[in-house]
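Listed next: structures, encoded as structure tokens.
Presented sequentially are two complexes of chain A, the first with chain B as partner and the second with chain C.
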Partner chain A sequence: MDSPAATTTKLLDLAAEHFGVDRAALRPTDDFFATLGIDSLQVLELLTKLEAHFSVELPDYELQGVTDFSTLAARIHDRLA
Partner chain B sequence: MIDIEACASIGDALRAAFQTHGDRLCLIEADRDRENARLTFQELRAAVAPLAAWLQERDCRRAAILMTNQWRWHAAAAAVFAIGAELVPLDPKLAPDEHAALLAHSGADTLFVEWPFWRDRAFDGTVVVTEAPAKADVRHATRFEGARGTEAPAFVARTRDDPACIVYSSGTGGRAKGCVLTHGNYLEQLNALLKRHRFAVGDRYLSILPTNHAIDFMVGFLGPYACGATVVHLRSLRPEFIRAAFPKYRIAFMALVPMVLENLRTGLDETLAGLSWPKKKLLDLCLSIHRFCTRYEPSLPLARFLLRPIHKRFGGNLKTLFVGGAFTDPATLRRFYEFGIQVANGYGLTEAGTVVTLNDLRDYKPETVGKPLPGTEVCILEPNADGIGEVAVAGPTVMARYHDAPWLSQKTIVNGWLMTGDLGRLEPTGHLVLLGRRKNMIVTAGGKNVYPEDIEHAFDGLPVRELCVFAAHYLWSDKRTEELVLLVHANDDEFVADLRTRNLKLPNFKRVAGYVLWNKAFPRTASLKIKRPALAREVQEAGPDGVVAL
Partner chain C sequence: MNWRLANGLLELELATRPCNEISTKALEQLESFLPSLKGARALVIHSTVEAGFCAGADLRELYTRGRNLESDERVARVRDFLMRIHRVLDTIDAAPIPTIAAVHGVCFGGGLELALACDMIVADQTARFAFPELRLGLIPGFGGIPRLRRDISNALVRDLLFTGRSLNARRAHEAGLISQVVKPGATRRAALGAAAQALKFDTRAVAACKAFAKPLVRDETRQEIEVFLELFEREAVQDALKRFVENDGPMPYLA
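== the complex of A and B ==
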């Protein structure tokens, strides 16, 4: 299993690719709503992509209140553990 | 249906529902493709009783719920009302510090909370946590399954004047305000709403708005329980699962906010645009016949017969979509009416129970928010020459007061009239037309009143994600008073040509002078209304250099 840092890095890669933003501009502590300029429906799109990549199920309710990449990565990592 | 007039409290009404509807299906909780729970009224009552006893043993007086939509939300609320305690439904979308502030302000002594929230929150009172993993350290909280009293709970009666809930209305303006709503407020509202739209026994209601929100609390909890209908909760709100839920659970009713309705319309229009030429012609013919036959009032059986594929997309059992919480584009409402899908749009605010006006589809006027519900009075204060003034509401659904804010209560409820802060006018038919928030109104140098919401509607359908109109001087003090600026959240500037065309069709004083391309989502309330002051602060900080003149 990847380390939490590796999960975060992969998450940033996938987010940059999915929303067509510059990967170098994304940092783990960024608010993904603000940095990616996305709404809650688009976050669900991202989650679907992350689920497919990490082969893990991320229930919507697990992610309530999560707004930054590193916490999101930690939630994914918890589910992988 | 239970006899609502005979009930003195929500606890009474729920008890009557449990007795009346016994083995009817009350709740379904689904998560993606699986079903987590399916409970009859009797089974839910059996789950509620030991929880109520447990709360009573701990002398619970006021309990907050911080959960997403699921069966335990209803069970917790029913237990709270059974012991005569008060409920504080909290918005799960708020941040931990906001939850902490509301919990402290409300004076709640008990908290029901889902595990994902409890991980990074604290509360000194009694805590019941749901869905915590077996090995998780829940600290001083009790797991939901373990919150079971030893004795049968004693039902505690309440009167209609007693407080039932403190509901925090974040509104679009800033500080959250706790609306104290009485049992009478809710029961009167329930009675009035069911006179317009009654659930039949066995009808299925799809609950996707959060239940802490006044709309879902009424039409996704109290209403179905009173009528013996079934509430379907989805733990995932991803569009594919919502779409699948319509046919799978034979959904008859759903409440939603305008933005979701717009998405449904876009999806439908895209599908129809992809039809082959002969199919399109056939559809146009069916739409024409339907339009002619329903020019005075809608007919669901006719619509389902003539426009079967469209109705099938919504499962084939859909009766009505309720939409509220923000302004709905009349063109979207008209489109659904054409399809024979009944969309009842309304106007309401937490301070007035839930709903103040509702369009009833007979004498349908989609450019309005309908007529006041039975028992509710609406008047326009100090109307100008066009009949426009502040909307005031009176009636048995108006809240008792704001919690712990007497000065604010006095300012808001004057001689029994609730000052809504919204501007509108009443049509001769009694339909209410809303124009915007009083505090958002812009007075131009020429003395004209401009309502930003009114201009935003003129730009509905532009290929952008979001847009919002501001007065330039409100953002940057050195700008001229009459200049209006359109803030556009979009990926590119492909909308500009269309914006220019539409802008020119507006009267001079309503035209925007320029636009600002914004790359962030607008801050919004739980009901997805734009938080204008918060957004304005962001734009202000960015400075006026980004304004592109039109």
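== the complex of A and C ==
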């Protein structure tokens, strides 16, 4: 299993690719709503992308209160086998 | 919302932004659509809206139209809406022809209930399915629980209801909620392919097969209306609807 830092890096790669933003501009501590400029429906797109990539099920309620990439990566990491 | 019938195939196209919310106007359109079923030998329902298939009932309308009414009047109006949408979904459910929902993106609440009324759900990899009603202190009101229970295991039914979480297409496929998964953007074509195949079969045999293979759940859906209305009129639900409608945060459905 990858380290939490590797999960964060991959998450940033996927988010940049999916939403067409400059990867170099993304930081783990960024608020992903603000940085990516996405709404609730687009968060679901990101969730689907992340579940497929990491082969993990990430229930929506695990995202409650999560706004930054590193915390989101930690939630994913916690669910990886 | 548009529909067209050609060579026995009826296509219902959902085309209202942001995500085909089921408002009073949408209900009226669905009621106008129903007579077209009589001339059809297969039905495909799909959405041309990017966000998805359908995000469910129009909660903004539900709240704003009811907030200044007396309790009895508010409940009477919701009961009327529920009876009418149940008639629409029951008619689709029992139509003696193959019915296919082609789903992408959001398929939540009343949207999932519309899809569940169909015989088959074909979905692409972007699809997500959820019943978020308990977040508002409600249960699904358009026949959702009986129809979900008809198709998948009770363990997952309870998980989806009690957490309100959304299920991706892969898990929904594993669970038997959907029967085919295709690449993004390919749902309509896949559904039309399945419908074209079904159109080759003898109509009487198809009708007999459907009556035998798909149990109807009307008694349970009638009970569901009463449970929904009992829950709906509580102050906590009105407060939750108000919070949802007034929430301008990025993820109101998680509030």
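One rule holds for everything that comes next: the second predicted complex is superposed on the first by the 80 of 81 C-alpha atoms of A that agree within 3 Å, B and C clash if a C-alpha of one lies under 4 Å from a C-alpha of the other, contacts with A are read in each partner's own complex, and residues count from 1 in each chain.
The rule we apply is simple: a contact is a pair of C-beta atoms (placed from the backbone, for glycine too) under 8 Å apart; a residue touches a chain by one contact, two chains touch by 3 or more.
Owing to the predicted nature of the structure, the values given are computational and were not obtained by experimental measurement.
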item: Touching partner for A:68 - first (chain B), second (chain C), both, neither; value: neither
item: Which of chain B and chain C A:2 touches, first, second, both or neither; value: neither
item: Touched partner set for A:51, first chain B, second chain C, both or neither; value: second
item: A:60 touches, of chain B and chain C: first, second, both or neither?; value: both
item: Which of chain B and chain C A:37 touches, first, second, both or neither; value: first
item: Common ground on chain A, meaning residues reached by chain C in one complex and by chain B in the other; value: 33, 38-39, 41, 44, 47-48, 57, 59-61, 63-64
item: Chain A contact footprint on chain C (complex, rising order); value: 18-19, 51-52, 105-106, 125-126, 128, 130, 163-166, 168-171, 250-254
item: Interfacial residue positions of chain A with respect to chain B in the complex; value: 33-34, 37-39, 41, 44, 47-48, 57, 59-65
item: Of chain B, residues touching chain A in the complex; value: 31-32, 68, 70, 92-96, 114, 116-117, 120, 235-239, 263, 465, 489, 519-521
item: Chain A residues within the chain C interface of the complex; value: 33, 38-41, 43-45, 47-48, 51-52, 57, 59-61, 63-64
